[in-house]
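What follows are several structures.
In the two assemblies presented below, chain A is common to both, partnered first by chain B and then by chain C.
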Partner chain A sequence: MAKVSTNVQPMDSTDFRTCPVTGLKVHLPAQRLIIANAVTAVVALLIGGIFAILIAFTRVPAVKLLPPETFYRLLTAHGTDMLVFWIVFFEVAGLYFGGAVLLNARLVKPGLGWLAWVLMLAGAILTNIIMLAGKADVMFTAYPPLQAHPLFYFGVILFAVGALLAIGLFMATVIVAKSERRFTGSVPLVTYGLIVAAIIGIFTLLAGAVAFVPTFLWSVGLLPRMDPGIYRIVFWAFGHPAQQVNLAAMVAVWYALATLTVGAKPVNEKVSRFAFLLYVLFINLGSMHHLLVDPALGTATRMFNTSYFMYLAVVGSLIHAYSIPAAVEVAQRKKGITGLFGWLTRAPWGEPGFAALVISMVIFGFIGGTTGVIQGNDQINLIAHNTLRIPGHFHATVVGGTTLAFMGLTYYLLPLMTQKQLVGRGWARVQPYIFGSGIAILALGMLWSGIQGVPRRTADISASGLAGVDTTLVLVGVGGTIAFAGLVIYILIAVSTLLFGKRQKC
Partner chain B sequence: MSSIASPERIWWNPLSRVEKFWVVLAIIVGLAMFSSMFIWMAIGKQNIPTETYQVTKDQFSHASQRMVQQYRVRDDAGVPVVSPPAGSDVYLVARAWQWSPILQLKEGETYRLHLSSMDFQHGFSLQPGNLNLMVLPDYDYVATITPDKAGEYTVICNEYCGLGHQAMVGKIIVTE
Partner chain C sequence: MAINEEREPKVQTPGTLVLALIFLAFFALMVLANYRLLSEAWPIR
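Now for the complex of A and B:
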């Protein structure tokens, strides 16, 4: 006789602890995985950060720190360690947090989570060894016919397989949590945003496979030729959505920070969720803004693609740009704060998460978002493509925006997960300001130099005859130094908390 | 209800007036930006070329060599300077790490500039003026250009193309 299963499992209490402060039921195997992934992310950030300051000073004409060969090698490693390893390891930690901890649920199959972590770590170590050994001086884009050592592509593929596994685990965790009724009704907005990131992530990684598997086969001689134009299309079908994963994850973190720091509640869940839905539907378009001045793309294709189909994904971001400050304002007014701007002037500016939230939103929106839309315009792209304007734009989005938001979240995630008090709270209060101002100066210096024609990815521009750019390039060094200081403070806080933090409840 | 906890059972609430206003405004901004793409294309003086052909490296370098043989006027540090007639097809070859030949064009005349690479991906970046196009091997990318200001222009490579990338600098001369 078949038995009817109720689908509801008891809370397996040995595997859980309850946080007395937040009331969250924390699944211990999930907690261990979150710490492992976050720590690995921070290590990648440190390595990428050291390379960052070296390449930044190479771009200052008066300094020209590194010889060209070393510059290209470290630039490849900087792009890969930061954009891929730091960001994705942290996102995996975030996914497990949003999928298990926020839902009071268990992470299904933690063993697979460890397998994912091992694959990702092995991939990251392998690619780093190959890059630093000088066998992959090809930039993270690895445009053929430039060819790297096969193990470079293999390492990237290993990492991607691990990341895909982690995303699958997150999805399974949410589904199981629902069927085990660990939460009632809909998932929290932050988890919803992470689900959006995960869906885009699956698409991203599949496109990544189409880009990197043939390249790997070509590098070992099994494929005779890679078409450079088609590779670019496929690569950016991967590389562009990858940035949208970061966008969705960052917005989810923004909502989380608004709640954690001022107790903000989404003003209207329908509006916020609809904005996220626009990301799922339209944001995977847009990849061709990397290809605007490539041969062989028609005008109509470019227009519809680069506009994210009539900028509907941008509409999503504009909605968040309204709904998050609105949620903060409403929460502040509920506390009895009055006046037109009282909710801002009397906001907790010394709270690291709040400072990180606001600065991240400002840099992302006002520097990153605007330059992105501008440079994605056909005519402007003709004068912006592959100049320093491009890294200027994305250091405002993925560094001033995403990275700073992730840093802000760390100040809450880390104590919650390690049950240790944050070490150096005073430093955490100023860190977002330091890092944010540094990145803003860095990005503006890059944008301004790029407008004058300075190329990106170039060790030395003395042969190019560009005049009058020395001053704007100095900003890259100045901003880079300040940002690097902010980055080091962040890492010191995180590492000291992990190692020396005082035990606390929760 | 908060961002990190499940919302109330029913969260499908109508939008307030302010929210409606903002959403509509955002959509209008989106549509305005979208239509401006076409408006710029119509009124802008400089659009992205779309003419492209498949080409082999041999075909392209032969076409360029033919042009050099016919119209070479002198050499500049070992690189031939060519002065092709107005209205003709001109071929600029990118290879690691050199642009060749040096093109000498006339102000106000129109040329069909062909770009292709003999090896890696390169970036055609005309300075000053800041005009940037991708140059890929096996693709013949044709830009119809009309130089509007005499002078000496530098062509720098702005796509990473290997360890000598920063040295890849060429020239285009525009005469009155």
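Now for the complex of A and C:
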């Protein structure tokens, strides 16, 4: 391995503050960027959440809230706001935290960070305006020959360029922190997980450019046609790894929450790091499971990539799923707690980070993980594809898993970054339970409805002749309502803390 | 690259092991249930 530079530059103390509780040296320009990205993420979450509840009540046959045209419009915006804007803005905040604050280092070029934020914000606003104006009713996937307004694709490209800049800034920060000897040994496991997320993020965004730049040129008439088959492959080289960025970031957050709440340390760091490495090597090949019914691809291609390579990435998740509870168990037993499950019964269930960690892991593993592996199987996908089983799976992974984990982290990140006491701590204690139970009910309602044949992305199924699905679709409405209540509580706590929180030293 | 631990500690996590077995049993049950659904969709003749 090449030797790193040992030129230690002196820290400008005026740019740093030291948190007396954690001992972390917080780079103030990084802190401002973390707050800006996190606040933007929460705004996107609120907008996407409002669309979500309207969509959920349209899927309940007895309500059918929205007319079909509005349903498809808001469904496109909901997917884009939640899967892209909320999560990526929060992840960028997480990258700056893991790259600068956790390493006691400086963010190397804060100006570049602000440029990235402006580009991402401009892209998000532009895309939302175009979608809500009815110029991009193309769903999240935007498959040609469906064509949106050129500014929709342009907005997505702007956002992607900003996100790529942010990732580059994070990578540069870690490298400079190492060369300035801001930390010794290897990077902490949380930062390592974020580096993995950033690596996956780079090829995700490059694939996104290959998908969206030609589509943009096609929309302005510079390309005569788009090949839908090629687009679908390239889109999922972007669309699926984008969710694996979330996966890697979520697992990094799980490790962080386990440490913050019960003082857990990984039982074997080498194994945990190896599990992260499996994501980098194999997760992108699992993208093919989105194309299991695609007539343009051969059976061998589809089965080789999904039924073999995808499982290697799943092994990574199984290692983390064992490693994190084991770390919690070891930490609890060190405190003198005995019995087979004493470490769980005497766990800090009233601590929002711990509740968010456990509920996120249970929903992700038991609902999202099992359904993902099963539906990613070629034979089963033939009956699951385009039914509500698919959104049932990914609401359990991306919402019940990633979003809930990010919410849990917020309760620690927010006081540290804003130096303000958390407002509504009592509400924060119950919020993970409310949001988690709502998402679990919503996902199970979707899965159960999908098993009965209810199609996804369909405003009105009255003509399909499906009997007995009204009850299971009501679960979508009930779960959506409970989850929305949890989401509102989260946003109120975050906004109230930011605006009205009592100053504290940290 | 050096890892942040001097030597791998010996740990005993019986509770986590039981949870892992419960998860694997649940997963196996889901796989069986799905192949039951599959056989209903396309009965083998």
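What we mean here is this: the second predicted complex is superposed on the first by the 497 of 506 C-alpha atoms of A that agree within 3 Å, B and C clash if a C-alpha of one lies under 4 Å from a C-alpha of the other, contacts with A are read in each partner's own complex, and residues count from 1 in each chain.
Quick note on the criterion: a contact is a pair of C-beta atoms (placed from the backbone, for glycine too) under 8 Å apart; a residue touches a chain by one contact, two chains touch by 3 or more.
All figures in this text were calculated on a predicted structure; none of them were measured in a lab.
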Where does A:Ile383 make contact in the superposed view: on chain B (first), on chain C (second), on both, or on neither? both
Quick one: classify A:Leu344 as touching chain B (first), chain C (second), both or neither. second
After the superposition on A, what does A:Thr458 contact: first (chain B), second (chain C), both or neither? first
In the superposed arrangement, does chain B or chain C reach more residues of chain A? B
Let me test your reading of the model: by the given contact rule, A:Asp470 touches which partner, first (chain B), second (chain C), both or neither? neither
Intersection of chain A residues contacting chain B with those contacting chain C? 185-186, 188-189, 267-270, 322, 326, 373, 377, 379, 383, 451
Residues on chain A engaged by chain C in the complex (per definition of touch): 1, 185-186, 188-189, 267-270, 273, 321-322, 325-326, 329-330, 340-341, 343-344, 365-366, 370-371, 373-374, 377, 379-380, 383, 451
If you look only at chain A, which of its residues touch chain B in the complex? 68-69, 72, 102, 137-139, 143, 145-146, 183-190, 227-229, 232, 255-256, 258-260, 263-271, 291-299, 302-303, 307, 310-312, 314-315, 318-319, 322-323, 326-327, 373, 377-379, 381-387, 451-453, 455-461, 463-466
Can you name the residues of chain C that touch chain A in the complex? 1-5, 8-9, 11, 13-16, 18-20, 23, 26-27, 30-31, 34-35, 37-38, 41
Hey, which residues of chain B end up touching chain A in the complex? 1-9, 11-13, 15-16, 18-19, 22-23, 26-27, 29-31, 33-34, 36-38, 40-41, 44, 46-48, 50, 52, 119-121, 123, 125, 127-134, 136-141, 154, 156-167, 169
